[in-house]
Amino acid sequence: MTRHDLRAVNELRPVQIDNNYLMHPEGSVLITVGNTKVICTATIEEKVPGFLRGQGKGWITAEYSMLPRATEQRTRRESSAGKVSGRTMEIQRLIGRALRAVVDLEALGEKTVWIDCDVIQADGGTRTASITGAFVAMTQAIAKLGVDKPFVKFPVTDYLAATSVGKLENIGAVLDLNYVEDSAAQVDMNVIMTGAGEFVELQGTGEEATFSRSELNELLDLGEAGIAQLIEMQKTALGDTANLIGKVEA
Amino acid sequence: MTRHDLRAVNELRPVQIDNNYLMHPEGSVLITVGNTKVICTATIEEKVPGFLRGQGKGWITAEYSMLPRATEQRTRRESSAGKVSGRTMEIQRLIGRALRAVVDLEALGEKTVWIDCDVIQADGGTRTASITGAFVAMTQAIAKLGVDKPFVKFPVTDYLAATSVGKLENIGAVLDLNYVEDSAAQVDMNVIMTGAGEFVELQGTGEEATFSRSELNELLDLGEAGIAQLIEMQKTALGDTANLIGKVEA
Amino acid sequence: MTRHDLRAVNELRPVQIDNNYLMHPEGSVLITVGNTKVICTATIEEKVPGFLRGQGKGWITAEYSMLPRATEQRTRRESSAGKVSGRTMEIQRLIGRALRAVVDLEALGEKTVWIDCDVIQADGGTRTASITGAFVAMTQAIAKLGVDKPFVKFPVTDYLAATSVGKLENIGAVLDLNYVEDSAAQVDMNVIMTGAGEFVELQGTGEEATFSRSELNELLDLGEAGIAQLIEMQKTALGDTANLIGKVEA
Amino acid sequence: MTRHDLRAVNELRPVQIDNNYLMHPEGSVLITVGNTKVICTATIEEKVPGFLRGQGKGWITAEYSMLPRATEQRTRRESSAGKVSGRTMEIQRLIGRALRAVVDLEALGEKTVWIDCDVIQADGGTRTASITGAFVAMTQAIAKLGVDKPFVKFPVTDYLAATSVGKLENIGAVLDLNYVEDSAAQVDMNVIMTGAGEFVELQGTGEEATFSRSELNELLDLGEAGIAQLIEMQKTALGDTANLIGKVEA
Amino acid sequence: MTRHDLRAVNELRPVQIDNNYLMHPEGSVLITVGNTKVICTATIEEKVPGFLRGQGKGWITAEYSMLPRATEQRTRRESSAGKVSGRTMEIQRLIGRALRAVVDLEALGEKTVWIDCDVIQADGGTRTASITGAFVAMTQAIAKLGVDKPFVKFPVTDYLAATSVGKLENIGAVLDLNYVEDSAAQVDMNVIMTGAGEFVELQGTGEEATFSRSELNELLDLGEAGIAQLIEMQKTALGDTANLIGKVEA
Amino acid sequence: MTRHDLRAVNELRPVQIDNNYLMHPEGSVLITVGNTKVICTATIEEKVPGFLRGQGKGWITAEYSMLPRATEQRTRRESSAGKVSGRTMEIQRLIGRALRAVVDLEALGEKTVWIDCDVIQADGGTRTASITGAFVAMTQAIAKLGVDKPFVKFPVTDYLAATSVGKLENIGAVLDLNYVEDSAAQVDMNVIMTGAGEFVELQGTGEEATFSRSELNELLDLGEAGIAQLIEMQKTALGDTANLIGKVEA
């Protein structure tokens, strides 16, 4: 059996990263992964949350939301509901945690980078697209900081991208699930990796199902290969700014 | 003195209306007015709010929001704040009320049209751009309803568009204020009119200032002319669907 | 056809303004307009909101509420609902904005005047009665401030009053709509004007209807005449304090 | 030492009960106890809360609030705070519970009586004034129910009134504390009794102090005498309606 | 007739007070009264609420909650409901107020003692068990404060314990009602007393019933005797710490 | 270097599972893992959430909370804060999802099992202890259901337990981290597995660090061995009920 959109099991959907998409934010990206579209912005704030004050370290925090008609059925706004859903909270905690893994918070100094990921159109993989796009917006915003007052060490230490892998009945392990595949998957795993090929986060869930050690290994192989391709696209989108990543002036 | 962006006092900013912008909603538009960009969607729901149930009439309701970095400074999400601001509520009530003035709710039948206006980039005039764009998205969505089950009378009875006019120191009355002008204006007025040239809503406010009857008349002249141009662009964006507006099969 | 309460089209309902109605507030008024009764109080606070701090300017802000049985059907308390409705927010923003138009905030100095309008009994026109009553309470409270430490320029620069006008089927344009008229009106317009006869705010709405330029002019004529009468009653209610309005010691 | 307002220790403040104070509610009272003024209304709703449905019994429930400037310092509205304070909840639970003690809920049938007590001006004893006034508003509203469809047994079985008693330093036990006395009291006790002289509720609190059994007895004697006087005033305010209380047609 | 669990009318249920029940809190108790089990903890915070700042006085505040399955039917969590119920607020205000009556807040100094009472299993009398247990946890925590920096006057000035009494049909006045008795009681009264036998708080409620002066006296006699027994158990649980209560170094 | 509590790298903390801990719930467990103590209860509700109604399937949902002094510093109650934190939401979603992986929801029928995990004392690993304990409480509650009306297929299809593994500086991979270890860990991974040795969920996070594929394998080996021991303890705690797991009557 083949995937319903005819992709190979190890094939990403078409990806596009439009850098500097909006006029106001310090960093802004429109990332398109198949039919999934997310606006990612990065905002620099000249202070840190209370628990970090006075330690000379910065912070990265993220918020995530979907427009009501990003989805097939209209989703009620969380501002109308008066509270943020568990799913949203889980995703925004994940985005922030992942980005912090490739930022030297001491090199950043006492600043907060606010990441906003707003899904304009959803077709599966919105959280991984958000991370991949937010990395570019964040790097752009931090680079802008360095223009006025160059960093001794550039705070972004490595690339970071994310994709999903999963197990489909009759097909097996596949890369980059769209919404139809995601709904049917027996196992769904988000993989977040660095340019150096290390894991930052691994979240695998059997959906009313389970998975064995060897299935896990098959899924990780697919994820690794997909992320390497995504990082190439981030490099292209960043242009010269890409050269700053991991750079230490000495 | 001239306007800082060199426009004539009676000149609109460049306007673009991208119809069918998204894959999921029944109606969707990206409207661009200068640097202001708003995604407007229309969703059909097969029921009405409690106070209308069983009366054979439909309803139009609207929600409005800004992405956090639509603005120069990041705005806190209303979902994080846990409540919707007074400004947002006022705008979404205005959008719904205005659209209802050109819809025959009995011809629509027991359905609700949900309008969502999400500001992607803000540079003044977001509420009037929302109304102008939402009219197109709403008309498109209602037309889609009629494909399966043609209306005896098409529910949209006339065009509807909105713009702002205001009074600037040393310049006087101007049409379509951008953010810089809006912040400096002594009088700020939103004008909403139909294709027939009638008023639907008029909201004029002296900002720590007042205005005379003759100044009011000058502002209304500018607004009328601007709205006539906006309605021409709505016609173009709607294509053949435009022919349905005001149509009664008999 | 005549109005159901037999008033002439240009006739206000009986108005009464009881000044110094309560023992605690710096300014307090019970305003009665027909069967509509609103308690308006003014409280002086010796600080300003964050966005004004250190600028030497004051602020006027308003809150509005209805007792649950001010209305024919009991209205749920907004404290029980846990949030303030859109209608309430719109009204309180309007009251504050209107009053600020006749106050020189620099002459007031770094103080906030809190206006509270609580509707005890509602029969149409509660927002315009609130503005007319709140003007008296505010002026009284500011005058009290000046007793201890006289103002160089009295911060209240002109009178301010509000009324509604509207268009009724078979009757046409009328002044000061009560609840029955308001529910049936095709066009409903709130007019707020100064003692000098300038507009401060104009909010006209077609209720599933529209209005022409000449109808607008007819409505504005009625509003102007009504407001002139209301301002005379404010003068009487204020007594000697009325002499301070617009006064500049030099 | 004497009380600061020169009252005898067993003397109530001047009490006035204006019945039928508002046009809309089924029952409405303005009760004045000294400088304390409370509007009490009673609303009949033709259904009961879920836990009582289908049992043929009615319910009495109460809400209590203060206008922001009922107090010397402005109190923040609970609707702005987004939640009802512990003090408010405690008072409204008390009012409802007390009134239910003199109502035969089966005789009332499947109806809810909503009591609203809104304090216009506060000078101590607002909760006991609320109960005393609410009893009259409730009785009036229930009597109105009986006009169309007479009760076999009138649901209000006895009078109910409330007052406070307390212990003041250097003065001892006193009746009906005003705000100044209440703030200084070592012991504060609310007493709620029926026309038959039975207790419905007793809430005595040592404020960073304690009280003995004999002090308790002294306080109860004062309370009993005060309540007997309040009930006489309720009778006068109710007029002919007073004859219905406790009445059984047979 | 006898009580359904065969206790004498003046007999407490079996009581156990496990002191130092948890590893983290400064004071912690598991109190068991029949089948009612409450974990009471005391936390010292080195600051006071705003209204007390700079006065050299401390504060005692309490929070109360039930695990969802402390009750026979699962109770919805107040965190899910998004608000604290009226019953909970009333109880936590009562616990704090009662404890403050036996603490010299000046001797405590500018510290807050947070009391947390979490009901693990409920079978009637949870609020009185909470007070009796919280007294022990609080005393333990305050004693720990004194180890490092001995108090001139130990802030806890006397013992404090609470129990319930009530009136049951066919049985009359009884001590320490369990859930079955509480649900059936005609009168329910919580009594809080000190080691010196003085009242701190008395809350008696007729549940759709009333009570006479002589019934009140009968209930108070039972309560007094029960509290004396509870205080003996507190002494045992506190061990040597008991000697500090009421102690003044001079 | 050795672990600070002298355990071997592959050694669990002492575990105790007290079954039937409380009187009211259908299933209840106190699970102790080292100093971590969690009360887990299971409640059967005879209906399912809206999205499942009429499908003949059941549902498992979980709530998680900590007593304020389960932690070294007092944690603010989520009911006081008025909202549930992101961390809490993430944990309760995880618990529910994991348990559903070993329950045949169709065999359960249209019932909801509510799981409540309340942490009494926290010392690391509260979410994995919650899952391990909740499995026992859930199985007990479902078994109780089967007593009255035996299941054709027992809905619990396999065992389920969870533990944490992590990477410590100078020590490397370790099993079952306590709070001190968890705070210092470079990589932290929660592993949830079935009795058959399959994964249900894997959540690995580099805390401002990353991990390689071979480190991942080392961590998984430790987790697998730990879970096998936990499942043995669940068997003992369940007694005869253990025999029902995976049983199909045929």
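In order of appearance the chains are A, B, C, D, E and F, and numbering begins at 1 in each one.
The criterion applied here is as follows: contacts are C-beta pairs under 8 Å (C-beta built on N, C-alpha and C of every residue); 3 or more make two chains touch, one makes a residue touch a chain.
Everything quoted here is computed from the prediction, not taken from an experiment.
With steps allowed only between chains in touch, the distance from chain A over to chain F comes to 1. Touch-path distance (fewest steps) from chain A to chain D is 3. Relative to chain E, the most remote chain by averaged C-alpha coordinates is B. Where chain A touches chain B, over half of the residue numbers in use are shared by the two copies, so each contributes mostly the same positions. Greatest centre-to-centre distance from chain C is found for F, with centres as Cα means. In this assembly, the C-alpha centroid of chain D lies 29 Å from the C-alpha centroid of chain E. Each chain gets a centre from the mean of its Cα atoms; for chain D and chain F, those two points are 52 Å apart.
Each chain gets one centre point, the mean of its Cα atoms, and the points for chain B and chain E are 60 Å apart.
With centres defined as mean CA coordinates, chain D is found 34 Å away from chain C.
Contacts with at least two other chains are made by residues 82-84 of chain B.
Around the ring, the chains sit in the order E, F, A, B, C, D, counting from chain E and moving first to chain F.
The touching residues of chain E, when paired with chain F in their complex, are 22-25, 28, 35, 39, 41, 43, 45, 63, 65, 67-72, 74, 77-84, 88, 114, 116, 118, 120-121, 123.
The touching residues of chain D, counted against chain E in their complex, run 83-87, 89-90, 92-93, 97, 100-101, 105, 189, 194, 196-206, 208-213, 216, 220.
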